[in-house]
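Common to both upcoming complexes is subunit A, partnered first by subunit B, then by subunit C.
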Partner chain A sequence: MTAPAGSARLRRLRKAYFGSPLSALMTLLSAAILGFILWKLLDWGLIHATFDASGTQETCAAKGGACWSVIATRWRVILFGIYPYEEQWRPALACLVVAGVIVLSCLPRMWSFGKLALTWTIGTIVFYTLMRGGILGLASVNEQQWGGLPLTLFVFVATGIIGMPLAIGLALLRRSDYPVIARVSGWIIDTIRSLPLLSILFTCAIVLPFMLPGFLIGEKLYRVVFGAALFFAAYQAEIIRGGFQGIPKGQEEAAKALGLSYWQRMGRIVLPQAFRLALPATINQFVIAFMETSLIVVVGFMELLAAGNTAFKTGEWKFAYAEVYVFIAAIYFAFVFGLSRYGAYLEARMNVGHRKD
Partner chain B sequence: MAAPSIWRSKRFRGAAIQAGFVAVLVALIIGATLTARANLSAQGLTSGFGFLWKSTGWEINFTLMETTTTDPYWWYLLMGLLNTLFMGVIGLAGASILGLIVGLMRSGRNPAARLLGTIYIELFRNLPLILQLFFWYALANALPNPRNSLAFAGALLNARGIYLPGLVIGRGTVALAVLAILVSAALAVWILASRRFRQIEPTRQRRLALCSTAAGLALAALAVVLGHDPSQPWITMPKLAGLKIDGGFRIQPEFYALAIAIMTYGAAYVGEIVRGGFKAVGRGQMEAANALGLSPWQVFSRVRFPLAFRAMLPILINQYVWLIKATTLGIAVGFSDFFMVIASSITHSGQTLEFIAILMGGFLLINFSLAAVLNRLNRAIALKGHQTTGAT
Partner chain C sequence: MDLTAPAIELTDLDKFYGTFHALKGISLTVAKGEKVVVCGPSGSGKSTMIRCINQLEEHDGGTIRVFGTTLDDNVGLIDEIRREVGMVFQQFNLFPHMTVLENCTLAPMLVRKTSRADAEATAMRYLEKVRIPDQAQKYPGQLSGGQQQRVAIARALCMQPEILLFDEPTSALDPEMIAEVLDVMVTLAQEGMTMICVTHEMGFARKVADRVVFMDKGEIIEEAPPEDFFGNPKSDRTRLFLSQVLGH
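Presenting the complex of A and B:
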């Protein structure tokens, strides 16, 4: 029994991999490239690598592979930047809280406005208290000393929390019945979308202080977060608009016929359906927003990437840039890949629901 | 009684709300501008665009044309804009070619090639572009010093850059030659696409377009030959002279690190778009093409690719606009693109508001014209009555 089944499988594999001369060539080429890269990576990162913290440039070079000693000795700088050393348990705990909140809000059972708002409010307050201190006997730590992973997470979360309501507002304004308001909001959205995020961050960090009255200037970090949120909102508003377009006209007409007010129609009928339709694109936008937090390096913040840069900019570790970047890349990859896989899962789940209808 | 009845009129209320909305926005803009003016004049800066004709007094490290520190600001801005466009063209072209290869690998039937394509896309798409850029730049700087350059087919590779054998011609000549080629190419496209030439038979039309391209190339060659200084040799080879490299054509690390980063990152996105495009081609179309007895290459080039391309283009347009904006990352490694020139101009001259206005204007211009051209192309190639997306 097993032999014919085995040979059939073999035949199928052979057809897939070596079906024609071209296919065979591609198989061999791809396998060679993959094998070469994999072998080089293994050789560099594991077999000939140095892992213990006592390694130096000489001992690592003697072994010929990666020098993970740089991570072993400098990981706290990479993860927490210049946050006071004795207090670094606080940002660590704060990161865990944010990660927990993100995971919680990915569970479908949490998807109601009240539950999400409550979770995020509590999460933000705990995060901010832990990071900023100044109450409950925690030493006060200025925003300029924040750095590393918690700063990245803070910018990401704050961008989402400020950007999402802004996006809903912009999307509603754009589909307003008043032509002037709809047109002007459209211009605002399109203008922000055609500007590079970097120029918006730069404007918020350096130019905005000139343009605001003194009491509104505030900390640079919050201005930059506002800029990132504005950019996020412009893109997200278009995604929500895409969701609006997928809702049959009859839905809103029926709501109107029932005598519901504008806010009832939007809050109970239109927005929930639009969000459902726009969910995969929204997750995708969050993924992009997470990667774009790294741009704040350019306006002088010590987030994860910049903290990594400082970790190997000292003389003794200057050679170990690849190890540091691989470490940071692994952190980003874990977040981004996880989120995008989750988005793909949601999309598949929703498609299944559609087919049943 | 009169007031409430007017207030109840739907038209009046609509007009009042809209006027109020616009008034608030205008008030915000005027308020911000006035505050900024007051703050800037307190620092002794006058507003207005007169400074554009002052000389800058500082250098930019990468320009396509001759630039000195006595050149005025407008020339610097123009050079920055040219750099952005240059990087954009190279980045978009590289990302498209690499993306097409990756996309084809992903949508092909060979599992090994599919796996390789998937790994490429997942790796490059899920890491921040600026992280990749920093990595390439650190790699470029960690290359050996000029004395121990890596040599490859006459080219030298070291921490100061890539040195290629180059032709000895002035930058003005190159600009002329490029202009001739661009104009002739535009003419050829116009002859092929414009409605004015519809009456001419296709073979003659094609011949005309070919003539135009050939004339452009001939003009470019003529410009190169005439622009060449007879006392100099034609080709310069990079050579080690003391501690540095003499001769050859140098590509700076800032430039190629950014170009590689944009190409590889963009290719991951383009690859996904390409795959989506191929997926959108109906199976019936392919079966019909096979049934007609077309060869595999004909099926690909005449049926599969043209149909897939039409499905890709609308999404590609957004991606291209996004990639052009990504060239601003040059500031992170020190490539003088438009944004970096603006940022240095602000720190050197203090004319903040004017430069921000120029920055916004420049990017709106680039992105709207790119989107306009590509949308036009999209409409021009859309199949009538076939796809709803993008048709008229």
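Presenting the complex of A and C:
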């Protein structure tokens, strides 16, 4: 005899939340607290909020809730920083291009080296042309004037694109058969990991120009991105190494015995399995890298968070910082939440056929 | 590579792990088409010896010749030898992130540059031979141990090697699955494949081996056709070993 599924579920819920007087009390208490917070947020953010662009401190205060008018009037500063006002359709389009390329490369059917390389090359060229201008009749906009969301996206994506191959290279060198190579790679990784990101960014932005020959200095933005990529690579290399350690020794031996070359063994057998094992930590590392893009403000770049800060620096909006931060937080949340959901999707997809081990 | 030369010729093979002398001057010749079973107590160097043949272990002294080609530090040469020498492991070592079919087509496509269609046709032929063509689209994790080991044999066969090395292929299997793997190996033996099998399946040795090699402490103690080896062992150590293996 089996009880209907619905009642079994109900019984399980009741057991979990109302199993004893104490747990019933805790359940009710938490529900009350949650409900109260939710209600307060709704009340502030929606019910008593002012949405139209004509709102001022007085009219907003009169309604008692959030003053979204600050977003309605200042959103272009938040999203694009000090990028020339008339040209701001360009960073907007550039953001869409980056988002499109990211979404495209997340699709399993795009996962071949050729397709990905083509997509990213085209994406990078379009992004750079739009942002930098100077050709095709687009006014030239210096990297120092880039700001807001496209700058944040650029730093994040470039960190990943440069950092990931570096990480793979460092991780492979670290497990080299030649002790000298393995040790040198280990030292590089450990050195970078023991430096704070801030000091790396400062070094790249300010100290490096004194040390490098002129033709190698390049634009400050690219030096900073390189520093961030190096930092990302050191951590990601250790994550990949953790993945290597989870692969049985027999896997590489079997590949050797079949006559696969070093690069075929790495590309087809070792790295795919290492990435599978290291996937949760890798997603984590990307999330951290995204958050850390906000640090480039210290070397003079107005990324999303810094651009948001300027949005309420003018006298009339000084009171509305909470609204601006909520808006920026929502943008970060959308990206990071999307990233972690994608990670979960990948994990589920990779678990196909792995039920037994 | 000279297919008229002996398939494998080991001369005074030495192997050290640190200061431990794992192989002490092993000499063994295997002719093309010959079936050799290697047995001996645990730690006697059986795995080490056959893993030297395809250079999963580097030897420290002596020579290894495969079809007349001497193995040295030349990496290209090692790759060439590995193409002709297949290996089946105790732990199967199938690639868990690929389907059975992909496991079988990977090396032919990458190493032999076979087209996908040809590689798949060959793979299906060998999967039929090991009697699991219906599992081609499954992942290794979805198969039983015996099925996995048969896939591993098919995977090795897909490279169409001249020689197959087996390192205790049935030791990790439940008793009821041993027979299905041994059956496949017997079939291969009868078709004339050159085989070196490390195994304690003495029934298999009696049935198919041309020669049984007994190793102990890094040395070959005795080497004889199965009738003599089992009927009239010369060394005391062989006799002791046989009484332990066959005793129960």
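Here, the second predicted complex is superposed on the first by the 313 of 357 C-alpha atoms of A that agree within 3 Å, B and C clash if a C-alpha of one lies under 4 Å from a C-alpha of the other, contacts with A are read in each partner's own complex, and residues count from 1 in each chain.
Convention: contacts are C-beta pairs under 8 Å (C-beta built on N, C-alpha and C of every residue); 3 or more make two chains touch, one makes a residue touch a chain.
Just so we're clear, the structure is a prediction, and the values are computed from it rather than from any experiment.
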Contacts of A:Arg276 with subunit B and subunit C, given as first, second, both or neither: second
Subunit B or subunit C, by number of subunit A residues touched: B
First, second, both or neither for A:Phe202, with subunit B first and subunit C second: first
Contacts of A:Trp111 with subunit B and subunit C, given as first, second, both or neither: neither
Which of subunit B and subunit C A:Tyr342 touches, first, second, both or neither: neither
Touching partner for A:Trp75 - first (subunit B), second (subunit C), both, neither: neither
First, second, both or neither for A:Ser261, with subunit B first and subunit C second: second
Residues on subunit A lying within both footprints (that of subunit B and that of subunit C): none
Sites on subunit B touched by subunit A in the complex: 14, 17-18, 21-22, 25, 32-33, 35-36, 39-40, 105, 108-113, 115-116, 119, 122-123, 126-131, 134-135, 138-139, 142, 321, 325-326, 328-329, 331-332, 339, 342-343, 346, 352-353, 356, 359-360, 363-364, 367-368
Residue ranges of subunit A in contact with subunit B within the complex: 16-17, 19, 23, 26-27, 29-31, 33-34, 177-181, 184, 191, 194-199, 202-203, 206-207, 210-213, 291-292, 294-295, 297-298, 305, 309, 319, 321-322, 325, 328-329, 332-333, 336-337, 340
In the complex, subunit A residues that touch subunit C: 248, 250-251, 253-261, 264, 268-269, 272-273, 276, 350, 352-357
Subunit A contact footprint on subunit C (complex, rising order): 54, 56, 79, 82-83, 85-87, 89, 91, 93-97, 99, 106-107, 110-111, 138-142, 152, 155-156, 159
